[in-house]
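What follows is a structure written as structure tokens; I'll ask about it next.
Letters A, B and C mark the chains in the order given here, with residues in each chain numbered from 1 onward.
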Amino acid sequence: MKTIFDKKHISRTTTYLLVIVAYIVLTILQKTGNLGSLFSGLLVPVCCFIVAGIGLNLNVGISGELNLGQAGFMSVGGFTGVIVSGALSTMIPNGIIRLIIVIICGAIVAGIFGYLIGIPVLKLQGDYLAIVTLAFGQIIMSLINNLYIGIDKNGFQVSFINNTLELGEGGRVLLSGPMGANGIDRIATFTAGIILVLVALAIVYNLMYSRNGRAIMATRDNRIAAESIGIHVANTKMLAFVTSASLAGAAGALYGMNFSTLMPLNFDFNSSILILVYVVLGGLGNMKGTIISTAILMVLPELLRSLQNYRMIIYAIILILIMLVSNNATAKEKISGLFKFLKKNKAEGVEANE
Amino acid sequence: MSENNKAPILEVRDLGIDFGGLTAVNDLNLTVYPEEIVGLIGPNGAGKTTVFNLLTKVYQPTRGTIKLCGEDIGKMTTIDVSKAGIARTFQNIRLFMNMSVLDNVLCGMHNETKYSPFTGILRLPKYYSQEKMIEERAIQLLDIMDLKDDMDLMAGNLPYGAQRRLEIARALATSPKLLLLDEPAAGMNPQETEELMNTIRFVRDHFKIAILLIEHDMKLVMGICEKITVLNFGMMLAQGTPDEIQANPEVVKAYLGE
Amino acid sequence: MAFLSYLFSGLSLGSVYAIIALGYSMVYGIAKMLNFAHGDVIMIGAYISYFVMASFGLPVYVAVIAAIAVCVILGVTIERFAYKPLRQAPSLAVLITAIGVSYFLQNGAQLLWSSSAKMYPSVFGNGQLHLFDGQLSISYLTIITILVCIFVMVCLSLFINRTKTGSAMRACSEDKGAATLMGINVNRIISITFAIGSGLAAIAAVLFCAQYPAVSPTLGSMPGIKAFTAAVFGGIGSIPGAFLGGLALGIIETLTKAYISTQLSDAIVFAVLIVVLLIKPTGLLGKKIREKV
């Protein structure tokens, strides 16, 4: 067994440790009041996007299929969670138990959507598959935009396109079309976020280094060879797709429980793209990379806040430069040359001052 | 070989396939007996690889029957053919280039391990016992193919000859009854080819399987095949022992032209 | 008659999609990349034409020429500095870079011109053509849009099929390596492709804003996504496919809004796309790819 675990095992352990250390450090900072309110507010969302990113990396990096609709699955999970939490709020007042139920429900419903969507989608290849995932993301957003759900003594009421809910006494609206859900009981915590990250990591790592994970990678590397040794390509791709969707659903459910309002627009095409950016910058198939790049890229706009209006444009430039440097030798040379030049000037400046 | 008192492993009758109006293979008959090494030769474009693609169901035959150990595999999918016991290598190497050498072989044992994704994710005891079992066997296979020292390398980083050997190891990992080798010696130097011939013989004797191989290197074909089938323009031109084939004027004509 | 009137407005919207989709499709066909920043080039074109008309009071044809000029320069510059260094990089890296460029353009526009929408001047007036004793009225804008689209399509087909540069482009889309061996300067061809695509984006910008007269930094996203969908719908890389896909998408969208539901029109448009791809996995006019074993 030695060979399976050696190098890979160390890499995995450091990833888990990284998450735990980050948790301890951030919690101490938060408890001692050294973490600004902006960063405190980011803790749970960063965890959510890390989980969705780990899922997407399984899909894009390990399974090798571009997915432009990950936010759609977050949306499914998020709104499932909001509805479940709203329905159970009196029955299960305990926030922690309810949060666990909410996350599991979000994951399951998103997984079911992933399966249904996967049946047609996984028949396609390459960019065609990507555009269909984009289309599904848009469809999901559009459907939730037109969905109205309420609850009263008689149970759930659902209406579509036009709000025709007629709730009895004590009834509550859980979801109201483009306005989304309001007055959500905010039961998400940073600890829950970190636990979800660790669970997501364990799921993806354990899957990767198992029979099915090898089949997923084999299918990515060479579909025809994979079939020739008896790997069922469609089932294998489906496993990666559904797992990825479930993780996004769990992430969305936690995300929804972190804000008092959740709108369908929270999970638009741009969110899907953002998650993809985190995954690609972190390195395809590299879960540790996904965690680090998601954290940095989500915090970066806040760090750049002092630059006010220029922050997003600088963010864009940084994004382009990272891609150029990591993929082009000449660009790398030029830019590292620029840094050396700046450093040299700085050093000379220091010398002159002395 | 004692052909007459053993049932054939592979029995192909009147096999044919048309692509649109073009007949790529026609009226092919081929019988392979247990522990036999059979060569499939012919000029470029004769349809040799197409025969492999038909046997492994990458293409669906238009006509004819294929029987593996008496069982009709004509309607099976590629995956079921693999489970039934045919494994192959590819002319243009098709390894899992971004996976380790060991993982490539472990992939070949996909259907030998039977645990579910949940067992894998939850790391239940069955995961450990099965992984241990297949890993031991994979290392044995790599040892036979002289790849044991490279097992942690990425398959894509192996030299060409080693990649061809790894493809054979991966195919053997599926525990086949019949192994199809598509130009195993392509790109190898004479010394590597010599070693490959010994390896192929060893594989046949050690695993007691039948081997059907496509090869252009006549030294290899004549050296290890007990029986040779010659294809030309998708049709069977001749069949016989290496000596008979070498003496056949039709074959010489097909290769050298008129 | 109502149906005919919807059909015409669908054709008109579809014409705009088609012109944008041509840009996506040509770039994909030759550079094999999804240019996510294409929608934002449209946005820049819209602002340029807006300023030429609203601030300087110049006529629309000057605005179109100015927008084309700026967009062509912009497109070629983006290609030169952001995409060209990534010719050998994996396609996902190029995709992310294109997303970066898209952010850059959107936020740059926001910085320069603020995020609030500007009212686009009325370009072609509100005149209408009355047919069948006034039962069917079609605005001149609709007619002009459709005519421009047909004109663009004809010019582009002639260019691709009849000129030396056009055949070099076709060669590059088939096989860049072989094209280089034939003495074709592939980099130049890619630049030309981006120039044409961006010029078309400028034309589309004016036509789009004439229909939906609000100019904002995010103006390009939705028509961008729709036109990208249209390009895939028709078979990405195929020029007649982009034309057909654009028109089909515009008509489906307009008819859905008219007869089924305004709110669900996006969902239905994308659902149709999925159905088409399931029946024809490489789009309406896309080439079938078969891997050789």
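Note that in this section a contact is a pair of C-beta atoms (placed from the backbone, for glycine too) under 8 Å apart; a residue touches a chain by one contact, two chains touch by 3 or more.
All of these numbers come straight from a predicted model, not from anything done at the bench.
Relative to the centroid of every protein C-alpha atom shown, the closest chain centre, again from C-alpha atoms, is found for A.
Across the assembly, the mean Cα position most removed from that of chain B is the one of C. Separating the CA-averaged centres of chain A and chain B is a span of 43 Å.
One inter-chain figure worth recording: chain B and chain C are separated by 50 Å, centre to centre, where each centre is the mean of the chain's CA atoms. Distance between chain A and chain C, defined via averaged C-alpha coordinates, is recorded as 31 Å. In chain C, the positions touching at least two other chains are 293.
Shared interface positions of chain A, i.e. residues touching 2 or more other chains, are given as 224.
Multi-chain contact residues of chain B (touching two or more other chains) are listed as 58, 90.
On the chain C side of its complex with chain A, the touching residues are 28, 34, 36, 82, 85-86, 88-90, 92-93, 95-97, 99-101, 103-104, 107-108, 110-111, 221, 225, 228-229, 232, 236, 261, 263-264, 266-267, 270-271, 273-274, 277-278, 281-283, 291, 293. Those residues of chain A that touch chain C in the shared complex are 60, 66, 120, 123-125, 127-128, 130-132, 134-136, 138-139, 142-143, 145-146, 161, 224, 269, 273, 276-277, 280-281, 284, 309-310, 312-313, 315-317, 319-320, 323-324, 326-328, 330-331. Listed in rising order, the residues of chain B touching chain A in the complex are 56, 58, 78-79, 82-83, 87-88, 90, 94-99, 102-104, 106-108, 110-111, 113, 115, 117, 119-123, 127-128, 130-132, 135, 139, 151-152, 170-171, 173-174.
Against chain B, in their complex, chain A makes its touches with residues 1, 3-4, 7, 202-203, 206-207, 210-215, 217-218, 220-222, 224-232, 239.
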